[in-house]
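One structure is given below, encoded as structure tokens.
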């Protein structure tokens, strides 16, 4: 019988779910923050053969020097297979070498588009936003060219919105058929969205977000209640397995003991 | 009094002239054959600060491992400053880092265009030439993007022709004003042509080839006699200084003792 | 079409005419910035977020003061914050008119309060790109081509905010984005090792430093260590930037402190977070604390040695010790506290 | 638009679906060529003229026989000559239908008689490029872009013979050439060192080997030395090609002999010139001598070890001894004679 943890935080739930979704032996382009914690957990559990790629240029490192504080950190290079720079990492992505892009965003719409640029009216107030966010970084590139992406977003109504204030990282665009192909994009776009409330996918037809599983303690209703648009619900919706004690131990003792990205 | 050699070959005259034309401290992109001998002689005489670049990727080597047999040879890398590959070498050229391209060609026209692709009717017989030559190699690129070029051609009437059978490496095109600029090229094109008979430049107005100096033993008339088109003659035409004993000693004893490129 | 920095033709002409000889390029920091950083310059900022940021060069630019700068980078943290902070305090002494970038922030340590202050108060012009498109702009510049096609950064709002152009690929017929080269007036870089001619060796990721160097009109490099030219000549495949792309070599140990410098030192988190906290406070109205920092750590010191002298030794020592070692070898070290 | 090899979309889809795991990719030469070289394939040939040419792979392709091959390279000597020679002797066993290239010849040792024979008798289709444009085609392929702009190869007849297109730069308004990416079906490369996963270390110039590897659908690598993965992981900045771009790793000392292999051996001029002489003689009508060479050195041996076994030891020894040393250290060596 699996030994589940009973005491875990939202971040820890997200990280655990993310790690479990990463297939072994795949090439994963990890963004900064929780994705880095997730990929490290995956390497220590179900994905010892995972090949992490970081945008600053490291390919296939073993993350054994403690959690990197940045995707450009020297800690992303330990025992790597190949190291160059940003152009190289993104060209690998453009060429098709990256199976999964694992990224976070500040604001998401039903089609998996992300905003990490600004809060305010666009384009009118582009030069004078209400809140200026850091900008695309590499997420805007991963979302275009990784074979598919897994997204992490904080589950709050003001972050799950029908219409973004700014479209930074492209998901399924307006959901229309072949929209990404027509725009010249190559990757298939977002496949999963992970939050502390639910695991979501996208409807094959409409490309709108769909609950696949609820996180422990949540219901379809409680998830919908914190979402600013109507979620579809998968016919086989299920409850996601909680983190195991071992997963939590690894996060707390080994991966992020000082709670840099994963708060308790 | 300068101690001139009395016994030297045509190749040795060309190499000596080439070496003397190379300014110290300039970046010189050297093609295969006599240009490699010339740049080595320059490094040993008037141009110790010359920075050779070879298209296979070596920048700024000291040519102290014996004459390279190829521009891709390991001997072009000795004590270099920087080594990458072909794209890097040609991108440096495109960016403007190469002062002089020093190249050879099989057939030349009055405007310094070169043919190193085929003898035969073009385009009709492109797929079935009378003689197929090796092709552009890097000369077609150096001719476009080095700040200027110095060309070496065997001085025979069938090689100095009014119209090329194929335009491989671009010189002053048809001689019209701004022709290179209009075609999208960046470098200024050929500045000098060196043969065993003469040193030639190009008229500022017409861009046609012009005798600047005759090699020892030659006259304007003897040069014209082996040229398949009318040469202009500079008003200050002079006789080129013969090789010194020291230059010939360096070529024979140090640079090309087995006469790989420079026959006696 | 507005080219910020140099147009491709200007950039080509400048390099053509430049003295590319192999000569001693050592300079003092003061001299390097005086010579190569002018009012109105487009500055290409090396490093990535808070990794190998050219902090010492930024400090000197702040000390000397410059007006109407343009900052170009893919992702950066401390250097734009330092420059924007100087502008926030004394716009008559230093000002930034425009930034072309993909990300300005501090990853784990949060967003940039200086970017927020400047944009939310409409004090600078911004042009958004992605990390790849900005990197590829430097790459196009370094290659000597006026533009490069890429397959990202399209389909959303970013392309509406910048000078990219959508076109059809003439070969495949598919939609693709064309982005213009970036040729900064001056590239500012910190590397681990350089020789006196300017040949640079970068350890770990190169970020976009080689591309910035080759794309820029002039380049200032600070290095942790000046190494013999013979070491370069022994293995030229390790040279990341060739000498003729560099104009000033400033030997400056810890020139990217408190950001991380691969194999030399890790972040000084305490100092980074201290400064970050002051910028946060500034945005909320506390001007004096930030001004005091500038007076103490930048205006009040003559150079980087004096700046480093103000860092408690145990912070410096810890940053050096935890770099390039695995977790087990870090466990016996006690992190310093603020 | 005809794409030889893969179109950019096909190339992208293939790599997307490929198993990119880090696994043991060692194979015998026979197996590697059987698995990855098919009739009709576009073969990207690594090396440069007679430097680090993938001779052993070419020999095995000749032994196994393939039809309607396309050869893509910037500059090559021995490998196209070997393949064209095999076709000249027995077109039913091996044939090349097309070459896309900038230079085919032997520099100091003269033009390629096999290229002359094939073209002057109209037996193959040729497409001329320049060294840069062909290199940039591989580079575009490796970067995942369908074309790349370059500022050379235009204004003359070359652009009339190939698939490049002249256009106006949408930013600067100047004329520029667009060239299509090249995605070979299989890249064939010889490198000095590789690990069992396919991470490759190239010593000296990389030529266009990394670009060919990243652009191709599949890649066969022969290496002089198989090295521990730990050596790769110790300094990943020295990896020239990452493992996931490689499909077969064949440990094969002297796999590029008799061409030069940086730090391993210099040319075997005697063997090179011997073979070159036979191709010259073939063009003038002497079929038998060339056929005898193929029978003795290629068809008559099972593998590269047996080929090397036929090289007189003093030639082999001299080629190794004169590599990577200065002139003075070469003077006491006596060059072997044919």
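Observations, loosely collected:
We just call them A, B, C and D in the order they show up, numbering each chain from 1.
Here is the rule we use: a residue touches a chain if its C-beta (ideal position, glycine included) is under 8 Å from a C-beta of that chain, and two chains touch if they have at least 3 such contacts.
If you're wondering where the values come from, they're calculated on a predicted model, not measured in any experiment.
Counted as hops between touching chains, the shortest connection from subunit A to subunit B is 2. Set against one another, A-C and B-C show the most C-beta pairs in contact at A-C. Taking each chain's centre as the mean of its CA atoms, A is the chain most distant from subunit B. Remark: subunit B and subunit D have CA centroids separated by 28 Å (rounded to whole angstrom). Centres computed as Cα averages put subunit C at a distance of 40 Å from subunit D. Across the assembly, subunit A contributes residues 58, 77, 83-84, 93-94, 145, 186 that each touch 2 or more other chains. Those residues of subunit D in touch with two or more other chains are numbered 144-145, 150-151, 174, 176, 204, 237. If the chains shown are joined wherever they touch, the resulting network has some other arrangement, not a path, ring, star or complete graph. All chain pairs that touch, listed by label, are A-C, A-D, B-C, B-D, C-D.
Those residues of subunit B lying in contact with subunit C across their complex are 25-27, 49, 51, 58-62, 77, 79-84, 91-97, 99, 145, 147, 186.
Those residues of subunit D that touch subunit B in the complex are listed here as 47-51, 74-75, 101-105, 107-109, 111-112, 115-116, 119-122, 125-126, 128-133, 135-136, 139, 150-158, 160-161, 166, 174-177, 204-211, 260, 262-263, 266-267, 269, 322-327, 330. By the touch rule above, subunit C contacts subunit B in their complex via residues 11-16, 19-22, 142-145, 197, 199, 214, 232-233, 236-237, 239, 241-245.
By the touch criterion stated above, subunit C contacts subunit D in their complex at residues 1, 3, 7-9, 144-151, 163, 165, 167, 169-172, 174, 176, 178, 180, 203-204, 237-238. On subunit A, the positions that touch subunit C within their shared complex are 32-33, 55-58, 64-66, 69-74, 76-78, 83-87, 90, 93-94, 113, 117-118, 122-123, 126-141, 143-145, 166-170, 173, 179-180, 182-186, 254, 260-261.
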